[in-house]
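Shared chain: chain A. Partners: chain B in the first complex, chain C in the second.
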Partner chain A sequence: MHISEGVLSTSVLFTGAILSIAGLALGLRRIRNADIPKVAVLSSAFFVASLIHIPIGPSSAHLVLNGLVGVLLGWAAFPSIFVGLILQALVFQFGGLTTLGVNTFAMAMPGVVVYFAFKKFIKKGRNTAFIGGVLAGASAIILSAVLISIALLETEKSFIGIAGTFLAVHLPIALIEGIITGFVVVYLKKVKPEALG
Partner chain B sequence: MHLEEFAEGSSFLHKADPRVKIIIFSLFSILCATATDLKIPLYYLIYSVFLLFIADLKIKPFLSRIFVANFFILFIWIFIPLSYHSNPYTTVGMFKISHEGLRYALLITVKCNAIIIATITLLSTSSVFSLAHAMLHLKVPQKLVTIFFLFYRYITVIHEEYLKIRQAVMVRGFTPRTDIHTYKTYAYMIGGMLIKSYERAEEIYRAMLCRGFHGFFPLFEHFHTRKNDIIFGIISLSSFILFWTIK
Partner chain C sequence: MKKTLFIILFVFIFQSLIVLFYSVSTEAHKVSAYVYREGDKVIGECYFVDGAPCKNSKVEVYDKEGRKIVETVTDEKGNFSFKTSNKDELKIVIPAGEGHRAEYTLAALEQVTAKNEIKKTGTQQSRQAQELKLPESLINKDELRQIINEAMDSKLQGLQNEVRNIRKQLDTINYRDIIGGIGYIFGVWGLIMMLKGKKNAS
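Up next is the complex of A and B:
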C-alpha cells in the first residue's frame, strides 16, 4: 500500500511528513535499549512476511500485516514500518523519499489505533483473542486504505475514481488480513504468550 | 535473497561519497516532487537519465523496476484524463478526454520516473549498510539507525527460517488455495517465524551486551569526501538552481 513519488501535492506530503516524525519520535522514545533487537528483528520478520503472496480466488495479494505489527509493537509500529518502507524504497523503488511520511503514517497509525482498541480483547481467552485479532487485522487495512484515499483526494478531487477503486480492492484484502491476524494471535497465545505483552 | 542488485559496480556513482549522494538525492526528490509546472520535472528527468549513463547499470533489472513502478501510473492514465472535468477536451467515442487531465497525468509520470531513476542511480549504487552509516553522519537518530541496521542484517536470516518452515509445510503436501485451511496454515507459518525472530532477538541482545552494547554501534570505517564528490555536488546543486530559474 504505497503511493508513488510525484503523485501527491506538497501540502499533503508535508502533513504526512510532520505526522510521521511525531509518530516516530513517540515510538523511539518507547523503545528501551533492550528492546532495540526485538523491534528490529520483528521488523525483519514482518518484511519477510510481506513478501508472501496469499491466494485470493484467481488472483493473489501480498500481506501487509500492519494490524499485527501494531498489536505486537504498539507505538514502536512507527519505526518498524518506517524502516520497512525505507528499505522498499531503496531496493525495490516502491514508494520513495518524499512519500515516506504519508506512507508511514497511513500504515503505522492504524496499527497503533488497533493496538489500543483491541489489546483488551487479545489479552482475554482464545476465542475473544481470535475475534480481537480478526478485527485488528481487518480494521488496520481499512483504516490505511481510508488514509491513503484521503491523501489522494486532498491532492486532487479528480482522484475520486482511483481512491474508490483503491478502497474497493482493499476490502477482500482486509478480510484475509483479519483472518490471518486472528490465527497468528491465537498461535502466539498458545506458544509464546509473552510475545503479546 | 539478493536485495542490492545495483550496488555492485565501479562507476563514478558507485564510488561517490554516500553522504553527498543522499543530500543531492533529497534535494532532487523534494524539488522535483513539489514542482507544478511540467517543464521543471522534465529537466530533472534529463538530469537523472544523465546519471543513468554515468552509473553503468545492468539493463534488465533496471527496466523491470521501471516497469513495475509505472504500473501505478497506468491507473492514473486510465482515471485522470477521463474524470478530470475541465475544458478543453477531445471526445473519443463516448469518452471526454480533458486536456488538463492529460497534462496532469503526464506531469505525474515524468516526476515519478525522474525520482525513481535518481533513487536507483544515486542511492541503490551504494550498499544499504553504507547508506545507514551515512544517515548517522546526517544526524538521523542513532536508535533509528541501529534498528534499521539490525533489521536489514536479519532479513536474510529470518527469510532462511521462513524457507525452512515452508519446506516443512510443503513436504507434508500443502497446496495453497482460497480457503480457511490455507489462511490458517500461512498464519501458523508467520507465527512460527515471529517466535523464531523473538527468540533470535533475545540471543542477539545478550550477545550485544557481552560486547559492551549500550545503545549504539561504534564506527570503524570512515567516509572521505574526495575532490570529485565536491565537484559532483556543486554541479548538481547548480543544475537544480538552474532548473528553478529557467522556467
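Up next is the complex of A and C:
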C-alpha cells in the first residue's frame, strides 16, 4: 500500500505532506505521557505488519493494521503510523522519504475516521464491540485503498481501473484485518479496558 | 508487570506471524533491479524484496538527457535484455504498477580506458609476435580481442553471479532489519516521552 518514490507529481506530494503535518500536529498534542508506550507498541506493530504478505491471485498485498492503530489511538494514529513509515522507508525501502506525507495520510486518516465512526460500538458490550472492531479494521483498509487510488489518479489515468485492482487485492486483507481488530478489541476489553479509552 | 507481558506477547505474536508468512510469500512489495553490460548488450534482472522474479513488467530505459531510448518487458524469470550502442550513463526504470517503481543507474562505459587497453594489448601482441618471431599478420587483432573477451566472460561469469546474489541479499529483508527497526521505534517514542515529560515538569 506504499507509493514508491518518483511516481507522484510534486503537487500531490505537497498536498499529502501538508495534510499529514496537520494530522501529526493534532496527534502529538492529543498524546498524554501515559499513552506513549501504547503508541510505541502500535508503531512497531504497524512496522512489522507490512512484512506479512498474503498472496492473492497474481499479486500480493500485506497487512497494514491501520484500523487497529486508529481504533486504539484516535488522532495519535498519525504520529504512530508516521514513525512506522519512516522506518519502513529507511530499513525496507518501502515507500520512500518524499512520499512519506502521502503515505502517512493515506494510512493514518482512515484510522482516525474509523476511530470516530466505531467508537460507540467499541464502548458497548462484547459482541457489539467485536462487530465494531471488525467493521473498523475492514473499512480502514478500504478507505486507504481509495485514498491511494486518488493519489495515483494523476499517474495511472484511469481511476476505475486502479481503484478496482487496489480494492480487489485488498478485500481479503480487509477481511483478515477486520477479524484481527475485532479480536484485539475484545481481548483488550477483558484484560485492559482503559486501553480502549 | 501486566503491561510488559502484554508488550512481549504482542511482539512475539508478530514475530511468529512473520516467520509463518514470510517463508510462503510468493511476491512482495519492493521492486529491485540488477543490471549489467555485456559488450553492447545490456542484461538485467528484476525481482521483489523476497527474491521472487518480477514477471512481465515494463522496463523503460532513459539516456543521459532523459530521453526514453528503449522500452521492453521482463520475461517469466524477471530477466530482460536489449542492445544499445549508447555507452553513456543509462537510467533503467521499472514501473511495476500500483505505485511501485524501481530505478537503476547503469554507469557509463569508460571509452578512454577501453581504448588504452586495446592499444596496450596491441603493442603487447606485436612485442610477443616479435619475440616469437611470428609474422604479425598471423594473429589478427580482432580475433585476439575476441579470444580475450571470451576467456574473460567465462571467468567473470562466476563473479557476476556472486555479485548478483550479494545484491539480492542486500535487497531482501532479514531479521536484523526487523528487530533493529522495532528497536528504533521504541527509541524514538522513548525520546518523545522524555521530552514531553520534561515539558510537563517545568
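Note that the second predicted complex is superposed on the first by the 163 of 197 C-alpha atoms of A that agree within 3 Å, B and C clash if a C-alpha of one lies under 4 Å from a C-alpha of the other, contacts with A are read in each partner's own complex, and residues count from 1 in each chain.
Please note the rule applied: a contact is a pair of C-beta atoms (placed from the backbone, for glycine too) under 8 Å apart; a residue touches a chain by one contact, two chains touch by 3 or more.
Since the structure is predicted, the reported quantities are computational estimates derived from the model, not experimental observations.
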Next on the checklist: Per the contact definition in the header, classify A:Ile160: touching chain B only (first), chain C only (second), both, or neither.
Outcome noted: first
Checklist entry - Which partner does A:Ala40 reach: the first (chain B), the second (chain C), both, or neither? => result both
Checklist entry - Of the partners chain B and chain C, which touch A:Leu171 in the superposed model: first, second, both, neither? => result neither
Next on the checklist: Once chain A of both complexes is superposed, is A:Ser50 in touch with chain B (first), chain C (second), both, or neither?
Outcome noted: second
Next on the checklist: Quick check for you: in the superposed arrangement, does A:Phe183 touch first (chain B), second (chain C), both or neither?
Outcome noted: first
Next on the checklist: With both complexes overlaid on chain A, does A:Leu87 touch chain B (first), chain C (second), both or neither?
Outcome noted: both
Checklist entry - With the two structures laid over each other on chain A, which partner does A:Leu152 touch: chain B (first), chain C (second), both, or neither? => result second
Next on the checklist: Once chain A of both complexes is superposed, is A:Glu5 in touch with chain B (first), chain C (second), both, or neither?
Outcome noted: both
Checklist entry - After lining up the shared chain so the two structures overlap, which partner does A:Ala22 touch, if you call chain B first and chain C second: first, second, both or neither? => result neither
Next on the checklist: Counting contacts the way the document defines them, which residues of chain A are shared by the two interfaces, the one with chain B and the one with chain C?
Outcome noted: 3-7, 28, 31, 33, 36-37, 39-41, 43-45, 47-49, 51-52, 54-55, 79, 83-84, 87, 91-94, 162, 165, 191-192
Next on the checklist: If we count contacts the way the header does, which residues on chain A are in touch with chain C in the complex?
Outcome noted: 2-7, 28, 31, 33, 36-37, 39-41, 43-45, 47-55, 59-60, 62, 79, 83-84, 87-88, 91-94, 148, 151-152, 162, 165-166, 169, 191-192
Item to check | Touching residues on chain C, where the partner in the complex is chain A | outcome: 2-3, 6-7, 10-11, 14-15, 17-18, 21-22, 24-31, 49-50, 93, 95, 98-103, 173, 177-178, 180-182, 184-186, 188-190, 192-193, 196-197, 200
Item to check | Interfacial residue positions of chain A with respect to chain B in the complex | outcome: 3-8, 10, 13, 24, 28, 31, 33-34, 36-45, 47-49, 51-52, 54-57, 63, 65, 68, 72, 79-80, 82-84, 86-87, 89-94, 96-99, 156, 158-162, 165, 176, 179-184, 187-188, 191-192, 195
Item to check | Contact set on chain B toward chain A in their complex | outcome: 3-5, 25-26, 29-30, 32-34, 41, 65, 68-69, 72-73, 75-76, 79-80, 82-85, 101, 104, 107-112, 114-116, 119-120, 123-124, 128, 131, 141, 143-144, 146-152, 154-155, 157-159, 162, 176-178, 180, 182-184, 186-198, 200-202, 204-205, 208, 213-215
